[in-house]
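Each in structure tokens, the structures are laid out below.
After this come two complexes, each holding chain A, first together with chain B and then together with chain C.
Moving on to the complex of A and B:
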């Protein structure tokens, strides 16, 4: 147990460092990072003449100057309104709602994106467009509704009110440029998002991955449950024998130590958490199967953490609340310090659950993508074959190593989420005897 | 630019939150109820079964051991019984033999005694008979002699006296 914890800690630390470094780059001007990598600096905002910013286009030429591993990483970990299997782009249902436009429901193939491309649509539909797999909305109400062929897209840098650099997509149509909005997010502008003109309730890549995984898990576990009934009194067989040790491990190492005889009540929830997270972690790691970064999306870990929070606090016994608000056996002046700390702890616990899983999985995905990008960095985006070969060799070794670690992280993070949630519930339902 | 530099995964997206909630709740209720619960129950049942079987085996083993002990005890008892019986039989045999010997000896003694008495009796009878016979013969002879010699009275009287004297002497 101790070794396991230590190992998790080391991995967490490594992942955090990897993530932190990457995040640092994104925090300063992302273009310095590119300049560093490419060894030339005519990439600065001012001295950018004749760049792609000024051309309306669907196909951006990748050059050693504009290649950015960070961009590629951010694009690949992002949710999308297309499902990509390798270079193949499959359309997904788009469900969009805007205050002025109401509800829109259509297949994202309406945007007419290239099947072997990057998910940039040639059409606008009801003022929605698709840019790099993500749906955006033209803010100008004078833009025609219905399906309209557009002339191209433009990415412009803008400075927001709080002084942050922001990239905005413009649509070129009929000789004019139309500004677009990204979908609404609930960060309140903290991470550059916020409420915009529309909400995206689409069956996105992440939602599709969740549906696939849930169906798969349902079939597998129904099959196993049936096998237990059919083969009653017989030794486990096949997939049943594969899952049983995992199931027993969670039951005996996670549930029973914290919950004791109350294990049965919380077993379905903890098992669901563990297998849901594990399956999605692993599913996101399979190369050329979409690589959906589901558990690396804050929205997903937020939902799981909120549910853990609700289950914990709704099953909280009298003792649990007493320990938070009026810790027995402690002098009154200590209580004035302890109570705020304990009260904050109620919220900090699920927040750490949310951030830990999100950061670990996202970091893993980013590192793998950065390692793969080494091929292009050393190969100078196809202009230096020798460098590309060297990069490919180095990248293969590093990616292989990273994927092995990620495989471990997939299990560890699912286990950590499950065991911490169980321990919180365990503390909530525990009855103390003073 | 190829893509926007947008770290979108950190932005909570209402659509994704909605779908995740829905899908996870479905996962929880469907798989939890239809799969995890029965699997957990089956595993628990199997564990109880295994424990029961082990307990049963332990019990059977203990019983077997008891039975063995009992058997051994019985065997030992039987052996002791046999030895005792053999000893008793041998004792009885010796006793019977001795008794028989004693009886035989006694019988023999009695028979010898009887024989002795008989012999004595026979002897006595024989002696009496011989005496009688001899007496008769003597009388006969005496008669005959007397008949011949005692033709005169003198002789007769003398002889009678002589006889009387003899008898007296005897």
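Moving on to the complex of A and C:
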């Protein structure tokens, strides 16, 4: 047998067993669930009132009843205040601001989360807590400031005013339960998530990945630029030889057809967009390296789309604006319909840019995670090792297939973002002759 | 119930986009078969058109789930 194949199989088996052991210690047989939970020393006393969500704990217990692949997928594509390499959790700087608490700047290790865990903090710091890698804030001002050890977290399902089911985290401390805000959303809750009393400007997992990738790109391109000066007139060599065809492809297939002789002016912008998106798409695909879903985060694609919007409209010539507000050669009654449509189009174009990249990358990540979850679904969350092995084999095949497709999507989406931005700029700078 | 309706809406959007992108693919294949030397131009235009259709479908899907 091929040694590589054997190695992969052994690794897979080990992974299956490790995952199985991690999750089945409280629920070996799948029944007698509550009785065993009470004997589990993860749980502090003070809240065995009933179902699973009424227990103060630091360890999110996964059982066949509450296992939700959807929840796991959304947790893994979300941004976090810890950087995870495989099961290892590394602290990141947290920069938090709230109206009543002011600015807070500290390392997220202050929350005292398990280095090999899910990023749930055992401490509260200045009323901030960490739940599953995400920082939340305790709303009650009577909670003590400074670093305090808490007794655990509780997750409760609540119904919001508009009838939606929402999970709220409660902090157990000193025999009382304190409600926490949702995770901070910098958009002020416009895209869901609800208003929060604090803003999270932290160097999160996504920001770290972005910094790493930007540095890497800077070094690579500086190296290439130097090589072009040194080896003037000679054939490309090394990394230079790898990047040159990609660079030329974008220049010849994207820039020149749409911009013609103006393409040199917009080349730095389009090339930066393309390589930034491509590098982040590929970086997010590397397993066990954080898997930061940067281009699958709406805030990042929003900024990229706003840049495309600004460049397009600031370089818009007279003809571009005329075609939007007063299309020539069209009867007046058609203009009354056409003008609003064209005007909306100015904003819809960048919005689709933003959504396309976000949805494609996020969908890919979710599908991969759902395929990996097949192991737990078939294995009944660690209670059925045979099913888990079957699920592992099936999910390996499906995940490999999906990863291959995602590799293609990483290139196509970077290309599509670049070509669409170029075509919008091309339409804006074009000069017509009527 | 909202979840189910949203899923149906997303599914409908995908049907439309699927028909559209399928048409683009089939016509592009025909065009390449007729003029193999124009494969580069056809390919990039095909991707551009598919991306535009996808944009409309994505807006529908996002509205279905978040609207």
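We take it that the second predicted complex is superposed on the first by the 374 of 434 C-alpha atoms of A that agree within 3 Å, B and C clash if a C-alpha of one lies under 4 Å from a C-alpha of the other, contacts with A are read in each partner's own complex, and residues count from 1 in each chain.
Methods note: a residue touches a chain if its C-beta (ideal position, glycine included) is under 8 Å from a C-beta of that chain, and two chains touch if they have at least 3 such contacts.
These numbers were taken from a predicted model, which means no experiment stands behind them.
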> Is A:66 in contact with chain B, with chain C, with both, or with neither (first, second, both, neither)?
Replying inline: first
>> In the overlaid three-chain picture, which partner chain does A:415 touch, first (chain B) or second (chain C), both, or neither?
In response: second
>> With both complexes overlaid on chain A, does A:196 touch chain B (first), chain C (second), both or neither?
In response: neither
>> If we overlay the two complexes on their shared chain A, which of chain B and chain C does A:351 touch? Say first, second, both or neither.
In response: second
> Comparing chain C with chain B, which touches more residues belonging to chain A?
Replying inline: B
>> Between chain B and chain C, whom does A:253 touch in the aligned arrangement: first, second, both, or neither?
In response: second
>> Quick check on the superposed pair: does A:271 touch chain B, chain C, both, or neither? Answer first, second, both or neither.
In response: first
> Taking the superposition as given, does A:339 touch the first partner, chain B, the second, chain C, both, or neither?
Replying inline: neither
> Just chain B (first), just chain C (second), both, or neither: which does A:217 touch?
Replying inline: first
>> Residues of chain A that sit at the chain B interface in one complex and at the chain C interface in the other, please.
In response: 191-192
>> Which stretch or stretches of chain A touch chain B in the complex?
In response: 26, 30, 52-53, 60, 62, 66, 68, 70-72, 74-75, 77-79, 95, 118, 131-132, 134, 155, 167, 169, 182-187, 191-193, 199-204, 206-207, 210-211, 214, 217-218, 221-222, 224-225, 228-229, 232-233, 244, 247-248, 251, 264, 267-269, 271-272, 275-276, 293, 296-300, 302-304, 307, 358, 362
>> Show me the residue ranges of chain C that touch chain A in the complex, using the header's touch definition.
In response: 2, 40, 44, 47-48, 51-52, 54-56, 58-59, 61-62, 66
> Given the complex with chain C, which residues does chain A contribute to the contact?
Replying inline: 164, 191-192, 253-254, 257, 348, 351-352, 355-356, 359, 412, 415-416, 419-420, 423
>> So in the complex, the part of chain B that touches chain A is made up of which residues?
In response: 1-21, 23-24, 26-28, 30-40, 42-43, 46, 49
